[in-house]
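Next come the structures, one after another.
Both complexes below contain subunit A, partnered by subunit B and then by subunit C.
Here is the complex of A and B:
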């Protein structure tokens, strides 16, 4: 029986504007007045009030998390550089890149749970990166763990399902030594968040048997109140399994974990700002063992063609999953059939719950018995809870009572498009520059900067060997202590072809120039791929925007500027976007009403291929006597650099990528690596040339001598040679027997022979004949490896 | 038979390093609290069902304890002279280890319905007061959004726990 306490009618028809706003707040709907009025008008036309189930379903489907209202909004954007106003839709700008580039190897973009590109021999790879910021800020272990679990399910639910082969993790935290006294009530200390998040990612990924082998960690006071947790998963699938289609009459089957009260309102909650009054129910706790069993049985069911479509239960739970699958058909759902963890759930709670480890399948009736029995044999629950219909309606039943009936056209197309205002004004250039710099001490301090320092303490906790496919691992060199630029996997036993994954993130540039940040992040991701031998002309990109208070025109203006950077540089590098996600409203409202927003943050992840993993390259120096080249042009670009950060110099010229200069260089470098003329390759990023070279020395445990007068881009000051973060630069080690061929290949490129690898255990930096400073390898390693403790 | 509630405590043997305890001790120091001399940790399992003592012993010995590195004890967890903090999930929060334990009990062939909850216990030795332990619990041990914690004073008289004290109606 359905009781009035289980299904409530929400009095919407006669509600005033202020009552509509109050209703949205009371039910945690995160809908604005315009959206509430659209819902009111819809139900006025129907001549009845909505039920709680219906209103909650609309709120979930229309949440920022699910439908990306800001990215789809028409923004009246005033550009302070061009001094004119124009209309921009952010999503269109990103999608335009992919449309214009028309890469035939892009198999499925922006339409499914993940982007899919062609791999080799009838196989495809899918990649998705999600954020789980709000949950991780509140319950770091559970929040980060379910972030991993969620993105794995995205991969299980892309096309007809891909097998996860890699997890990636990128985090932004507050400084680990942040003063505890400064934290307001309800905010966890960055160190606790750091440990909890890493443990959560570790335990979910390791227990699922998926290697976690690529990532980055950023520390900045801007992330004290809102940490960022980006979780990515790469999956492999046969090319003939990349499309799905629901047929009318298919049964709706929910498989995997049971449904409880956990995680209710996750989608709407993630669309709101954080404060100290958060209900317990928004927190989800994951169970990787359940998801592992689900993964294994799904792969079998997929290959037996037992289902026609699949998707994951993520934000919004069944309401989002079934609402999305039934978009072009209709559906009836019998909520009382959903397996529950405990008995007293109201119908709307069953429908909205974000309990983890659940997938929804569209199963032809004739396959029901085989599918359910297969799942039972593998100890995974699979239950028929409804059927797809041709009604165009989403009908929710509970013990024969109708608890909701929604028009799918209204649900998916009724959301009023937002119209927003934004403006961007460039910041004035900095006037302070570092003075009386002691080079050796500066390098030492940069190596201990947590943004630059070794993340070994984190990396070692992840299993990056499981599945036995990881060719280039996160740490490299004779003692496995140097950093790798990207991960290389060999996912097929019968092929030498490899998958390459890298990433780029630098919010410090975004504070000054979000356009340049977009370019730098994008180029860094591609550079990382190139360093290990990946194909620079076959790079697919994923964008993840994390922004603060986008209701503020200035903040939104930076977002638009960043999106335009993504568009322009992706086009220039010929790298299409295949998937993306935005997490907005990452700000914290303090008790006194003041707001703390995160720095504008963009993560670009790059997915590429390498024809033969045996030709992959690492960053550690290999042999004394080899030449060291610095490829690319160094300029005085210090804005947002770690060098300026160290000396508290705000502003400055942010590095700007120059694709016309860098693309030909990448092409030649790719060829040189394929020809096996390159012994080691590493890109220059945070900290500049000398930090990158130090990392190569630490990895290789060989010394090196470099002469700064040989750095391309003269005349340069010493600090620019050492610490500028100019883009498009690679440090390349080449054996002397390949010197002629390498230099001939690189003719016309900005390549300087700056030094050589030495058998002595010193890094020696010279200016002509003058020795500027020397560091022992042990000193370098101690500084770089000892900065982040557990 | 009546439904009984049993409390099983699983902890490391003295010769085995308790890594979690060491991490907590260091973290307490980082909080600026220097009066903690020693820390121990243990895992807690609260089992409710119509279970005989023999079944509980079997569950504790065969399922919950790694006999190489761990020992178990039935009853209220305590160490002589040490304060303790127990941390448990709030009702309704998913407890995955408890779910797995329930399933594993069935796999042992014990078919009585058992409800399991899991928790953690931290023991602290030193010149402590309740408010210090509350600070430690809030900063390091429990997330009050999903967990509750309780601080217990050092017991006087009882040694190593009373095996029967965990058995309540």
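Here is the complex of A and C:
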């Protein structure tokens, strides 16, 4: 029997505007007045009130987290540069790139849980990057762990399911030495968040048996209130398993973990801002072994063709998984059949719970028995909880009572499109520049800058070699202490073809110029791919926007500007977007009502291929006597640089990528690496040329001598040669026997022979004949490796 | 020649099974991943296999202690089959979590009966993935012949510190030359972190049974079967690398023994 305490009717029909707003707040629905009124009108037409199940389902489905209202909104955008106003829909700008580029190797984009590209010999690879920011701020270990678990399920649920082969992790934290006294109530210390998040990612990823082998960590006071946790997973699947289709009559099967009260309202809460009163019950509880069992048996079921469609239970739980799968059909769900962790969940709780490790499958009735017994043999629960129908309705039953009946068309198309205002005004360039700079000391300080310093203490806690496919590992060189630019995997036993993954993130540029930030992040991700020998003309991109308070027109304007950067530079580099995600409202409302927003943050992840992993390349210097070239043009571009940050200089010219200059260079470099003429390659990013060279020295434990007068560019000041963060630059080591071939290949490219690898144990920086400074390898390594403790 | 049939056992949380199968196949075995439940239910039989490999992972989440639950499953659910396997002198290889299982099931060192040692938390108190140098004792275990005196393999674990129950156990292992692998410095000396990555007593990284046919090791040979698995493979010109990798050699030895 259904009691009144189990299903509630929500009094919507007669609610006033203020009551609608209050209702949204009371139930943590995160819906605005316009949306509440659309729901009210819908039920007025039906002549009845919604049940709690129905209202909650709509709120989940319409949450920013699930439906990306801001990215789909029509934005009235005033561009302060062009001094004109135009209408922009962010999502369309991104999607346009992929449509225009029309790459035949893009197999499935923006339509499934992850983007899919062609790999080799009938195999495809899928990639998805998610954020789990809000949960990680409240409960770092559980929040980050379930972030990993969630994105892995995205890959299990893409097409008919892919096998995860790589996890990526990118974090943004407050400074680890942040003063505890300055922390407001309800905010965890950055060090606690750092250790909790890393441990959460470690324990989930390692137990799943997926190598975590690419990532980045950013530290900035802007992330004290809201940390960012990006988790990505790459999966491999046969090309004939990339599409799914539900048939009417298929059974709805939930498989994996049981359902409890954990994580209720996760989707709606993560669509809003944080404050000190949020209950931690919104965070899910993870169990990686349950998910590992599910992964193992799913791959068997997939290859036996036992199901027709699959998706993961993520935000919104069953409500969004089944709501999504039934989009074009209809469904009836018997909620009392869902296996529970403990009794007494109300129907709406069963329906909404975000308990982890669950997948939903569409199983033809004739396969039910085989599927259930297969799962049983591996101790995985699989239970029929409903059936797909042709009704166009989502019918929710609980012990023969109807607890909800929603029109799927309304659910998926009834959301009123938002109309938003935004404007962008460029910041005036700053006039302060560093003075009396001591070169050696500056380099030392940059190497100990946590943004630049070695992340070895984190990297080694991840199993980056499980599955025995990691050919270029995250750490490289004699003692595996130098940084790798990207990871290279060899996922098939029978083939030498490889998968390459890199990433780019730099919120410091975004503070000044979000357009340039988009270009720089995008180019850095591609540069990373090029450095290890990946194909620059087969790069697929993923975007992850993390923004602050986008209801502010100025903040939203920066987002639009950033989106336009993504569009323009992705087109210029010929790299399509295949998947993306945004996490907005990353701000904290303090007790005095003031708001602290994160810096505008964009993560670009790049997925590419390498035809033969035996032709990959690493960044550590290989042999004394080899030439060192700096490829690309150096300019005075210090805006957002770690150098300016060190000297507290705000503003300045943010580096701007120049695809017309860099693309041909990348093409030649790709060829040089394939020809095995390149002994080592590393790109210049945070900290500029000299930091990148130091990392190559640390990895190779050979000395080097460079002459700054040989650096390509306008007549340059010393600090520009050393610390400018101009894009499009690679440091390349070439053996003397390949010098002629390399130089003739590079004919016409901005390439300068700046120095040589030396058997001595120090790095020498010269200006012509004059020695500017020297650094022993030991000193370099000590500075760079000792900065981030555990 | 008929390929020897090798079982790669998997349970909830096993995660190095696929690459272990690949390594065994490369070495010439016919290797199969099979779930423990298949044996418990009687649908498959242990005696149909010529060797058992327990691969790495987190069996049953490493709940209680690493490998403990699977050790009990083997002891109490498959007792007779397992005893027969040992009795028939069929090789057993436990890698990482598999080593933990063999030690906790008392199969290693195997004498006197019962659990004689444990693998416990690393001194660093955290999971670590790194390549180590190992000194090889070749006298007793047939699966390490033809290996150079010092080899390199990766370790990746949180509970890998080998701790014998007492001095007598350690003395027994040393006297019988059952310590097959020892963490050492590049020059072969016993030393501390990071060369000894977990604080193992006497640098012990792997041991075998007195007859040499049961081998347990924390390092992962299946992650070192091709040249490109080595973390610095690009530092060494191709010519010097024609020799078999250490991981491949171990699997090859096992297959050769079975042939």
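The rule we apply is simple: the second predicted complex is superposed on the first by the 789 of 790 C-alpha atoms of A that agree within 3 Å, B and C clash if a C-alpha of one lies under 4 Å from a C-alpha of the other, contacts with A are read in each partner's own complex, and residues count from 1 in each chain.
As a convention for this text, contacts are C-beta pairs under 8 Å (C-beta built on N, C-alpha and C of every residue); 3 or more make two chains touch, one makes a residue touch a chain.
It should be emphasised that the depicted structure is a prediction, and the values quoted were computed from it without experimental measurement.
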Considering only the touch criterion stated at the top, classify A:285 as touching first (subunit B), second (subunit C), both, or neither.
first
In the superposed arrangement, does A:262 touch subunit B (first), subunit C (second), both or neither?
first
For A:139 in the superposed arrangement: first (subunit B), second (subunit C), both or neither?
first
Identify the partner contact of A:68: answer first if only subunit B is touched, second if only subunit C is, both if each is, neither if none is.
neither
For A:622, is the partner it touches subunit B (first), subunit C (second), both, or none of the two (neither)?
second
If you stack the two complexes on chain A, which partner ends up touching A:96: first (subunit B), second (subunit C), both, or neither?
neither
Residues of subunit A touched, compared between subunit B and subunit C (which is higher):
C
After lining up the shared chain so the two structures overlap, which partner does A:475 touch, if you call subunit B first and subunit C second: first, second, both or neither?
second
Looking at subunit A, which of its residues have contacts with both subunit B and subunit C?
287, 289, 790
Going by the contact rule set out above, which residues of subunit C touch subunit A in the complex?
10, 12-16, 18-19, 22-23, 25, 35, 37-38, 41, 56-58, 60-61, 126-131, 154, 156, 220, 222-223, 225, 228-229, 231-232, 234-235
Quick check: in the complex, which residue numbers of subunit A touch subunit B?
138-139, 142, 180, 188-189, 191-192, 260-262, 278, 280-281, 283-287, 289-290, 341, 355-356, 790
Using the touch rule from the top, collect the residues of subunit A that touch subunit C in their complex.
202-203, 206-209, 287-289, 292-293, 296, 377-379, 460-469, 471, 473, 475-478, 480, 490, 493, 613-614, 616-618, 620, 622, 790
In the complex, subunit B touches subunit A at residues 23, 27, 30-31, 90, 92-96, 99-100, 139-140, 143, 145-146
